[in-house]
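Both complexes below contain chain A, partnered by chain B and then by chain C.
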Partner chain A sequence: MLFTSFEFIAFLAVMFLLYYLVPKKFQWLLLLAGSYVFYAWAGPHFLAYILTTTGTTWLAARWITRMQAEQAAWLKAHKAEMSREERKAYKAEGKKKTRRPFLACLLLNLGILAVIKYTDFFISNVNGIFGTDLAFMRFALPMGISFYTFQSMGYLIDVYRGKYPAQDSLGKFALFVSFFPQVVQGPISRYDDLAQTLYEEHPYDHRNISFGVQRICWGFFKKLVVADRLLVAVNELIQNPADYTGAFVLLAMFLYAIELYADFTGGIDMTIGIAQVFGVKLVENFERPFFSKNTAEYWRRWHITMGTWFRDYIFYPISVCQPMLKLSKASREKLGQALGKRIPVYLSTAIVWFVTGLWHGASWNFIVWGMLNCLVLIVSQEFEPFYAWFHGKFPKVGKTFWYRLFQVGRTFCLMSAIRILDCYRDVPLTFHQVGTIFTQGNWGIFADGSLLALGLSEADWAVIAIGVAVMLCVSLAGRSGSVREKLAAKPLPVRYALYWVLFVSILVFGAYGIGYDASQFIYNQF
Partner chain B sequence: MKKKRFFTVLIALCLLVGSLWFLQRLLMPKYIHDIIEGRLISEYYDNAGGNDVIFVGDCEVYENISPITLWEEYGITSYIRGSAQQLIWQSYYLMEETLKYETPKVMVFNVLSMMYDEPQNEAYNRMTLDGMRWSQSKVDSIKASMTEEEDFLSYVFPLLRYHSRWSELSGEDFQYLFQTKKSFHQGYLMRVDVRPVTSYPSETPLADYQFSDTCYEYLDKMVALCEANGVELVLMKAPSIYPVWYDEWDQQMEEYAEEHGLLYLNFLDLTEEVGIDFNTDTYDNGLHLNLSGAEKMAHYFGKILQDTYQLPDHRQDPEVAAQWQEKADFYHAMEEDQYRELEEYGYLKSYGGRNPNEE
Partner chain C sequence: MEALLDILKELHPEVDFETCDTLIDDKILDSFDIISIITSINSEYDVSIPAEEIVPENFNSAEALYDLIERLQDED
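Coming up: the complex of A and B.
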């Protein structure tokens, strides 16, 4: 059930009516039932995967919490009769005990993800290296498996770390894992962020619901008017690489960047809006990433919940693990303080970006994409002294609007260039195509009508241009506070006129129905 | 304050619904010049009632029989509820719907659609279904007709289907926003030009000639519907030589008609009796008849209908005669205009003809 399908809109309408009709104490149960209906819509057999993750994580977390509680109680009871060393030893022993269910659950669920998502990638590499002809398994990928697995494992790690106790209710935990607006493409929520808002009772709040609907409509606009219309040209450019080289590759680069942004942020707008309609507050996943002035900032503002997940559950643990601490010590001794302390940080960064690439897809293009991002971040870091020197020498330059615009443009171009690996999904082909930008010299395509041979008419390009301009204006307006809040302060006729324009734009200019291929959200596949 | 807010919201809702209704009307195809067949079904409602014969079926009825000739020669009042590639379930539901407006004495079903046992084409579905007024028959017809890519909601709100026409809007869409053009003669689409038959189709052997259970099911329903309403059902196969009408199919229709006591006329076997000359009586190599052919068909078929079912001659009824005189005047005026265009341009410029210089 795609968010943009009529079935989903009908499903949402029924859920909405029931949600505010049932007694409030049953609201979370309704959300749970709705979430499973939504999930089963893709194929009832897929429920087995999410139920396995839910059940095992809930059991393991409960087990860990129970052991932690027993250990804490025992320690409290015997505190007086134990020395500091004994208490430390007892704690270490306790940690070891809780580690067993923790690791078992972690390995099981990451194993499921690995087998389902990466087996064919592994087989293709084995076939490639050893010249074997092993058959591909072609597992059907359960909807949102990367998202709900990461969300569940984040919860398990937090419980293991003693950040909060495990959820007692299996139903409530199942809702945390499967909450239908976010199960498909995130955001990857943290239990302590989501639990309270998800389980508490929500009275009918007109303003909240109105804001939620506005956010949903805005998501529809981005997805249907901009992303899915651009998709036609992007597909044409990407699926026929031999026909579209040189300047066309540059065009594909930028069009894909805009399409992905409109698609993913549109999907997240819908997700957050839908949750808001039910009174549930989800964390933001984007913060105007295309306004970033450097790569590091970009990654703090793009797919925020994924970035923080990798930071908290992979980067930090790796950075402080024993082998890394030893490496840190050794490198500082051998290479000196300045360089030596950077080695473990960069190694942790590289590992995180390798995993990030792999998380996005089981193919080398995603891994290379991750490593290129890592390279850009490290190079930027290494250039810090130069930037500092430059700004010290020319203090006024850095403060000008034009310099900031240059920084934003540079980051956008860099990120778009790296993201092209996502398009061709073939590393050598991607580098070849990018190489033609510098050799082909067919810059006339922007003026000779070639753009009209990409499956989009002049009218389509006009809609895209206006759509992108509107998105830009909304982003600019959003820098100084919530756009919906600002809108709510406008006189009623102005407000309603804007709602009308947005709604009618989606209805009329949206790329949906017969004649348009129903396009999945790009991030659904992750 | 609450009252004010209530009325504001109410007015906003009314404006929203009104603007959507307006947009829907604007964006829906008007079928004024190019594919005028899209207007055939909706034109019936202005002419419903008082018809003794109703024809249902695909282009083989709306291009091959002239109701005005039936009137002028026999005083038979008739209407053709035809549409492009009308499928048998669509014909059935149109019959069912027609019976809500009038009870004719005879209903004639053209059997070519027996060859299709599943939904075929969204564009043709639209031309048949969009023009129908809302009723249970329309709902059932939509459900039976939808291809996999279609959804029911877009029939309820055609804006969802036609929204992408915004970039194709022309003056025609505004001109015919709240009005339409009269182009048909009791559901008959007139063409006076001639394009003779130059070759006959070769009969590609089929793996299976048996009509499907689905088609028989709807044929049975037609029989039952007509029986229940005291209407005589006649089966016909128009004298179109494309697509091929196989002997094996004809045999099945003959057997069915015999079994159910129905009159079945295969005009492909009666071309000589009708007097059809495929050098002069078709405008597209034998796919459809032109006016000359359609009038010959009406002349021949009208006699059979009148003799077999004792259809009254309404020409003696002044009120009916006056109404039909108007229809006949429009018919002859168009006939004259088509001949004028043919002479002036060499093709039917305003009536869907193809400019030979552009071919």
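Coming up: the complex of A and C.
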């Protein structure tokens, strides 16, 4: 059930009415029932996967919490009669016991994800290397499997680390895993952020619901007016690589960057808006990423919940594990302080970006995409002394608007260039196509009417230009606080005129009908 | 504490680590910095900071970080 489909809007309307009609103590149960209906809509057999992850994670976490509580109680009762070494040994033994259910659950669920998502990638590589002809398994990918698996495993790791106790209620935990607005494409929520707002009672709050509906409409605008319209041109450019080389590749690069931004942030706007309508506050997943001054900042502001998940559960544990600390010590001794201390950081960064690439898709283009991001981050880090020297030498330059614009433009171009690997899904072809930008010299395409042969009319390009300008203005306005709060402070006629313009523009300019197909969200496939 | 301040100042000479208590909240330290600090602390104090201790409260100030080192030394 696509967010932009009529059946979803009908489903949402029914859920909304029931949610504020049922006794408040049953609201979370209604959300759970609705989430399973939503999930089963994609195919009832897919429920088996999400139920397995839910059940095993709930059981393992409860088991871990029970053992931790027993160990803490025993230690408290016997603390006085134990030496420091004995206490330490008891704690180590206790940790070892909790590690068994933890690892079993982690391996089972990551194993399911790996088998479903990566078996065919593995087979294709084996066939390519050994010349075999092994048949592909072609598993159907359950909706949102990467998102709900990561969200559940984050919960399991936190419980194992003793950050919070496990949730006792299977139903409440099931809702945390399957909450329908976010199960499709995130955000990847943390249990301690989401639990309270998800389970508490929510009285009818007109302002909150109105803000939620505004956010949903804004998401619809980005998705239907901008992203799905751009999709037509991007598809034409990407699916015919031999016909569109040189400047067309550069055009595809920038159009895809804007399309992906409008599609993904639009989807997240809808997600957060839908949750808000039900009184549930989800964490933000974007913070105006295209205003970032460098790549590291961009990745702190784009798909934030994925970035922090990888940071907290992969980057930090790898970076501070004993073998890495030993490597750090050895490399400092052998290579000197300056170079030696970089080795573990860069090695962990490379591992994380390899996994991030793989998470995005089971193919080499995503792995190369991840490694290129890693390369850019490391090179930026190595250039730090140069930037420090430059800003010391020319202190005024760095503070000018033009320098900041240059930084933002540089980051946008760099990120767009790496993203093109998403499009062609073929590494040699991508590099060949990008190479033609520098050799073809067909810069006239921007003025000779070629843009009108990409499936979009002059009117479509005008709608896209206005849509992007509106998105830019909203982002600029958002830097100094919530745009919806600012709108709410305007006089009633101004406010309602703006709501009306937004609503009508979605109806009139949304990409529907012949030539357009309300498309799947790009991030659903991840 | 002096050795810790040296480690921090080597990374960001422009920051006053003796007074600043928003190193994470104000995004002064990023994840690269944090790992550099942890590996330096491991060399200097022979203390391993586990991943679950990498939370803003422990890294927002030099003082909080020093308290963490002392606590972990005590646990060892």
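The rule is short, and it goes like this: the second predicted complex is superposed on the first by the 523 of 526 C-alpha atoms of A that agree within 3 Å, B and C clash if a C-alpha of one lies under 4 Å from a C-alpha of the other, contacts with A are read in each partner's own complex, and residues count from 1 in each chain.
Note that in this section a contact is a pair of C-beta atoms (placed from the backbone, for glycine too) under 8 Å apart; a residue touches a chain by one contact, two chains touch by 3 or more.
Source: prediction; values computed, not measured.
Participant: So in the superposed three-chain picture, is A:K399 touching just chain B, just chain C, both, or none of them (first/second/both/neither)?
Facilitator: Neither partner.
Participant: Counting only touches as set out at the top, which of chain B and chain C does A:W500 meet: first, second, both, neither?
Facilitator: In the superposition, A:W500 contacts chain B only.
Participant: On the A-aligned overlay, A:A459 touches which partner chain: chain B = first, chain C = second, or both, or neither?
Facilitator: first
Participant: Between chain B and chain C, whom does A:F6 touch in the aligned arrangement: first, second, both, or neither?
Facilitator: first
Participant: For A:L492, decide between first (touching chain B), second (touching chain C), both and neither.
Facilitator: In the superposition, A:L492 touches chain B alone.
Participant: Going by the contact rule stated at the top, is it chain B or chain C that touches a larger number of residues on chain A?
Facilitator: C
Participant: Check whether A:V508 is in contact with chain B, with chain C, with both or with neither, and answer first, second, both or neither.
Facilitator: first
Participant: Could you say whether A:R479 touches chain B, chain C, both of them, or neither, answering first, second, both or neither?
Facilitator: A:R479 sits against neither chain B nor chain C.
Participant: Please give the residue numbers of chain B that touch chain A in the complex, ascending.
Facilitator: On the chain B side, the touching residues are 8, 12, 15-16, 19-20, 23, 27, 122, 149-151, 153-154, 159-161, 163-164, 166-167.
Participant: Inside the complex, what are the residues of chain C that reach chain A?
Facilitator: That would be residues 27, 30-32, 34-36, 38-40, 42-43, 48-52, 54, 75 of chain C.
Participant: Which stretch or stretches of chain A touch chain B in the complex?
Facilitator: Touching chain B from chain A are residues 6, 457, 459-460, 492, 496, 500, 503-504, 507-516.
Participant: In their shared complex, at which residues does chain A touch chain C?
Facilitator: 88, 161-163, 296, 300, 311-312, 315-317, 319-320, 322, 325, 328-329, 332, 341, 344-345, 348-349, 381
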